[in-house]
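What follows is chain A paired twice: with chain B in the first complex and chain C in the second.
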Partner chain A sequence: MFSVELLVNALIAGVLLGGFYAAVSLGLTVSFGQLNIVNIAHPAFIILGSYIAYMCNSLWGLDPILTGIIFIPVFFLIGAGAYRLYYESFERKDDEALRGLAFFFGVMFIIEVALIMVYGVDFRTVQASYIGQSWKAGGIGVPTRMFVPFCVAIAMFTAVYLYMSRTFNGRAIKAVAQDRLALQLMGADPVKIKQLGFGISIGTAALAGALLIIIIPVEPSVGRLYIGQVFAIAVLAGLGSIPGTLVAGLILGIAESLVSTFFGPSWAPAVAFGILLAALAFRPQGLFGR
Partner chain B sequence: MKWPALKLSPFWLCAAAIAVLGIAVTIFDLFNINTFIFFAGYVVLQYVVLATAWNIMGGYMGYVNFGTAGFFAVGAYASVVLYNLFQAPLALMIPFAGVVCALLGLAMGYLTLRLRGVFFAIATLAMAIVLETLIINWEFVGGATGAYILRSREQAPFGDYIEFLFFVMLLLAIFAVSVARWLELSRTGRGFIAIRDDEIAAECAGVPTLRLKLIATTVSGFLMGVAGAPFALYVSFIEPSSAFNLIYAVNAIAMPMIGGATTWLGPVIGALLLGTVQQVATVTISSELNLLIVGIVLVFFVIVAPEGIVGLLKKWLGGRRDDR
Partner chain C sequence: MLMKSKHKLSRRGWLKRSLAMAIVAGAVALTAPAQANDTIKIGFSMALTGGLAGAGKGALIAMQVWAEDTNAAGGLLGKQVELVYYDDQTNPANVPGIYTKLLDVDDVDFVVSGYGTNLIAPAMPIVMQRGLVFPSLFGLAVNEKFNYPNYFQIMPAGPEPLTDWSKGFYSVAMAQDPPPKTIALVGADAEFAKNAVKGARIQAEELGLEIVYDESYHPKTPDFTPIVNAIQARNPDMVFVGSYPPDSVGMVKAATEVGLKTKIFGGGMVGLQFASIMTALGPKLNGIVNYDFWVPEPTLKFEGVEAFLAKYQKAAEGQGVDPLGYYLQPYAYAYLQVLGQAITATNSADHAVIGEYIRNNSFDTVVGNVSFAPNGEWAKTRVLMVQYQGIEDNELATFTKAGTRVVLYPEEWKSGTVNYPYAE
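Then we have the complex of A and B:
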C-alpha cells in the first residue's frame, strides 16, 4: 500500500488543496478573527458563489474564475448589507451571542434550502479549458484542476494581505476588534469599518466558491462540511492572523490528503473536525495567536 | 411565585391530565384517532423533547448547541447497538441512550466550556460531523448503508406499535419539560440565568460557573439522547444521513427561539406550533418549501421578536410582571 510515489503525490495534492483551503478560510479569518462576527453562514455564501459560477458557466460558457471576480463586488454589497442588519438587530443591543448565532444559522439554512429548491441535490460541475489536464513527471502528477485554483487563491490571499497591512482602511479593520474606542478617537467610524471588513469577507466567498466548483463537484449541502475546514483553519491560525491562515490551511490540506490517500476518503471529513476539536481543547489561541 | 412549592401545582395537574389523556387515546382508542395522527404526533413530541433539551443550554445559559442532530443520532444508534447485541427492549434502550449522550455532553462541555461561548457552538457543529463520519465507517451499526430494526407490529395493550411509541414519547416529553422546569425554578436555574446575563459577574459573585455549565450540558445531552432512543424503532430503518439530518439542529434552535427561549413554556409552544405546521406542510406542500419556511421564520423571529411568542404574549397581556 505505502510507496514514496504515493506519498509525494499526496503531499503535492495536499499543498494545492491547502492553498485553496486558506483562500476559503480567508473570509472567516477577517469576519470571525478580526471583526468578531461569528459568521457560520460563510461556507453557505461560498456555495452560493459556486452556484453562480455554475450558472454563468452553463448558460453563457463564462469562465468560472472570471465569474468569481465579477461577482466580488456583488458579494461585497451583500456582505455590507448583511452586516448592517446584523449590527442594527444584534450587535447594538449586545445580543450577538445567542441570537446573532441563530441568525447566521438561519441564513445558512435558507441559502442551502433555496439552492436545493432551484437546482436540486445533484452534484454540479463547470467546464473550462484547464479542467481535466495534468502535468506528469514520472509517476508524479499535478492536475491543473488543482493548480489553477491554487494560483488564484494565492493571488487573492496576497491582495487581501497587502490591503490589510498597507492601507488605512485595512489597518482600521484590524484595529476595530482590538479597540473600538481607540479607533473612534482616530476619527474612524467603527460601524462603517466593520461593514467594509464584512463586505470584504463575503466578497472573498464569491471567488472562493468559483474555485471550489473547479476543484470538486458541488451540491447545496456540502457547505456544511466546509464549516469544519474553515473554522478549523481560522482557529488553528490564531484568530485574525492572515499569514497564520495560510500555514493552517496548508497543514489541514496536507493532513487531509494523507488521510484520504492512506486510510480512505470516507475518513477525510473527520480530519478537519478532529483538528478543530484538538485545537479548541489544547491550544485555543491557535498557532499564531497572541 | 409561591405555587411551585405547592404539592398540586397547575403544572403537575396539567402534566397528569395530559398523561391520562394519552392513555385514553392510545390504549382505549378514545375518539378513534387515525394511526397517521400518532405517526405525526410522535415527531411533534420528539421535537418538544429536543427543543426543551436545547433550551436548557441555549435559552437558560446562552450557550448555543448546533449539534442537536449529533446527540439525537447517537441516542438512536446507541439503541441500534443494544438491539444488535441482544435485541434489547425499549425500556433498556432509553436509559442507555440517555447515559451515553449525557457522557458525550459532559465530555464536550469539559473540552470547550472553559473557552468563550462561541467556541462551544463551533465545537458542537464539528462534533456532529465527526460522529457522522464515525457511524458511516462503523459496520456493526450498518455503516453508510443503514440498518434494519425489526419491531413487532403490535404492542399490548396499545394496539398498533406506533401508538405505543407515541405514548412513550409523550411520557418522555412530560419528563423533559418537568426536568427543565424544575431546573429553571431551582437554585441551579438561577445560576444559569446569572451566567447568561453576565458570566464574569456571576463568577465574581461566587456562582460555580463551570460546574453549572457542565450540569446543563450533561442534562441537555441526556434528554437529546432519550429523544433519539426510540427513533430506530419508529422508522424501522436507520441510516446516518436521516439520523444526522440538519433539520433536528435547526428545529431545536428555531422552536425555542420562536416560542421564547427564557422559560420552559417557550420551547413547548414553539415545538407544538412549528412541529405541527411542519407535519401538515410536509403532507400538503413540498418538504423543501417547508424547510425554507422554518429558516425564514427563525430569522424573522430572532430579528423582530427576540423574546418569542411568550415574550409577545407577556407584552400583550399588559406588561404583567414576570415573577418566576
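Then we have the complex of A and C:
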C-alpha cells in the first residue's frame, strides 16, 4: 500500500529516528573512531545516563534533557578518569588490545550490576510534557517524543563538530591516534589529549541516555541490545567522522522506517545491516572515511 | 582429617582450583543453607537479570513467600522446604545446564520452571528424560509439541492456549453492533508473541475477518511510529498486538501520537500489567483492551490472594520489582501451592504418583480453583480481557482501585462493560 502521506510520514519518522541513532553513536565515533579505544561499555554509560535522568525526573521532576546537559561535566570527568585508569593499566604497557577489551567488558558489567543493585530490574521511564504529543498537519504527524531528541541530537553534533574542527585541542583529538609523535612535536601531550577526547565521548553518553529514556523504557541490561547498532553506525560513518556519524544514523533510520512502513518491520534490521555490508564491500573505509 | 597437598600447584592447577572455588562460592551464595536430609529441595532457574528480570525477580519473591508460609505451617512431608535457584540471565542457552546441575549436583527433589515460554522450553527435554513432575510458570503452548503428561502450566491460558489466549479479545469485539470486519495483526519476532499472534490469526480466519495487516517486528525496534502509520493506512476495525514490555510502551505511545483510529486495540501486550509501565503511561492506557490474569476487581477476590499480596508488597519494598505484584506473582505462589498440595495429599515424593494426582484433582489456590487438562494447561481458560477505563493520572494508587481495569471476559468474572470504540 502506497500513498504520499504514508511516504512523508515514513521519511519524517526515519529522520527523527536517525537523529537519535546518531546521538547514541557519537561517543563511540570519538572513542573508537578517533582515539582507537574499543569502548564496548559505551551503551552501558548511556544507560547510566538514562537512570540519572530517571532519578532526577522521578525525585525532583527535572526535565530529562536538562538533567542530561547538567550531567555532561560529571560524565566527562568519569570518562577522563576511566581513560587514565585504562592508560596506566593497559595502553602504557601496549597491552590494550585484548586486556583493554576485557577492561571495558568489566566496566559494562559493573555498571549493569550497580544499576540492578540500586534500582532493581524493573522498567523505568520519565515524564515530560513533550512525551505523547504530536504536531499534525493533515495526515502528516511529527511526534514530539522523537522530534525533541532529534533537535537535541543535532545541537550536540554541532557543538562537538565545532569543537573538534575549530579548536586546537579538538584537532589534536582527531590527530592523536593517527600520529602521536607529530602531536608531541606540536607541544601537545597525547595522553592528556586522549583523556580529553574520552571525557567528551563519555560526556555525550549523559545526554544520549536522557534521549534514550524519553523514547523507550529502560532496564539495566537494555544497552546490550544496541551494541551492534551503535558500532554499525560508527563503522558505516567511516571511523572517526562526526558528520559521517550523523549521515549514517540518518541513512539507517530512514531505511528502517521506509522498509518498516512499506515492506514490513521484520525486514527493517536486515536492510539496515545490508546497507552496512554493502558499504563495507564497496567503500571499506566507510562513507566519510579516508 | 585435614590433608595437606604435597605438591606445589602449577598455574593451571591454581586456575582450576580458583574456578572450582568460584563455582562453589556462587552456588553457596545463591542457595539457602543446605541441609541434606531434613529438607525438601525445589530447584529452578529464574530470570534475575536480563530482559525478563523484572518479572523474574517478582516471581522469586512470591515463591519465597510461599516457602516461608509452608515452612511456618510445618513444611512438606514433615520437612522444611528449601528453594535452590540460579539466574538464567533471560538466556535460554543457560537453562539446560542449570537444570542438569540442579538435578545432578544439587540433588533437588523437585524442579519447577523459570518464567516465560522461551526459558521453559529448553528445560523440557531434561525433565522428560527423567520423568519429573514439572509445574511451569507462564509458558504459552510449550507442551504443544512435547505432549508430556507431567507438565502442569499455571497460566490460565486454557486447554487450547494458542487460541484461548485471544478468545476474549474477539468475544468482546464480535459482540458489538455492527461487528468489526477487518483486523491488523502485529507482534514481536519472539516465541510468546509469535504464538499469541498465531492464535489470533487462526481465530480471525475462523470468524471470517479480513486480515489487512499481518507483520512481525524485531524485538529491539525503538520506534513504532512507522508500524502504527502503516496499520492506520489500512484502516482496520481491530488491531491485535503481541508484544513485550518495551515494545508495548512504544506501541501505546506511537498509537497515541499517531492518533490510531480503530474500534478495538490491544490483545496480547505484555507489560501493560506492570505497575512501572502503567504509571508511566497513565491516561494513554484508557480504552485499550488487553489480556490480564488478576486485577483488583470485586469478582476476583479469591481466598488468600489479598493476604499473599500484602506479604509480597512488603517483601518487594526497595527491591526494584513490581510494587503491586498483581500480574505474575499470585501465579508464582500458586504453582508451588499446587505442587505442595499434591505432595501433602499423596504423602509421597514419587513423581509418577504426584503427577497422577495433579492430573486428576483440582486445587484451591490464591488464584482460585485450578485443575488441569490432559495437555497440562488449565482445564478451562481464564485469560481475562480487561479494559483500562477512567485513568486520569499516573499515580500508583490509581491502579490499586477497582474500576480502572474492568474485566470484560470471561462472562463468569465480568466486572463492567466495554467502552467502544477505542477511537474514531
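The rule is simple: the second predicted complex is superposed on the first by the 256 of 290 C-alpha atoms of A that agree within 3 Å, B and C clash if a C-alpha of one lies under 4 Å from a C-alpha of the other, contacts with A are read in each partner's own complex, and residues count from 1 in each chain.
By definition in this document, a contact is a pair of C-beta atoms (placed from the backbone, for glycine too) under 8 Å apart; a residue touches a chain by one contact, two chains touch by 3 or more.
On a predicted model such as this, the values are computed, not experimentally measured, just so you know.
Of the two partner chains, chain B is the only one that A:107 touches; chain C does not reach it. In the superposition on chain A, A:127 contacts chain C only, with no contact to chain B. Once the two complexes are laid over each other on the shared chain, residue contacts for A:82 go to neither chain B nor chain C. By the touch criterion defined above, A:215 lies against chain C but remains apart from chain B after alignment on the C-alpha atoms of chain A.
In the superposed pair of complexes, A:98 makes contact with chain B only, with no contact to chain C. With both structures placed on the common chain, the touch criterion links A:280 to chain B but leaves chain C unconnected. When the shared chain is aligned, no partner comes close enough to touch A:35: not chain B, not chain C. Of the two partner chains, chain C is the only one that A:260 touches; chain B does not reach it. Of the two partner chains placed by the overlay, neither chain B nor chain C lies in contact with A:72. Comparing chain B with chain C, the partner in contact with more residues of chain A is C.
116, 221, 225, 266, 269 are the residues of chain A that lie in the contact sets of both chain B and chain C, per the superposition on chain A. Note for the complex: chain A touches chain C at residues 1, 3, 5-6, 9-10, 13-14, 16-17, 20, 112, 116, 118-125, 127, 131-134, 136, 141, 143-146, 215-217, 219-222, 225-226, 229, 256-258, 260-262, 264-266, 268-269. Those residues of chain C whose C-beta lies close enough to touch chain A in the complex are 48-51, 53-54, 56-57, 186, 189, 215-223, 225-227, 229-230, 233-234, 245-246, 249-250, 253-254, 256-259, 271, 274, 276-277, 280, 284, 319-322, 394. Residues 58, 62, 64, 66, 111-112, 115, 117-119, 121-123, 125-127, 129-130, 132-134, 136-137, 144, 246, 250, 253-254, 257, 261, 288-289, 291-292, 294-296, 298-299, 302-303, 306 of chain B touch chain A in their complex.
On chain A, the positions that touch chain B within their shared complex are 38, 40, 85, 89-90, 95, 97-99, 101-103, 105-107, 109-110, 113-114, 116-117, 221, 224-225, 227-228, 231-232, 235, 266-267, 269-270, 272-274, 276-277, 280-281, 284.
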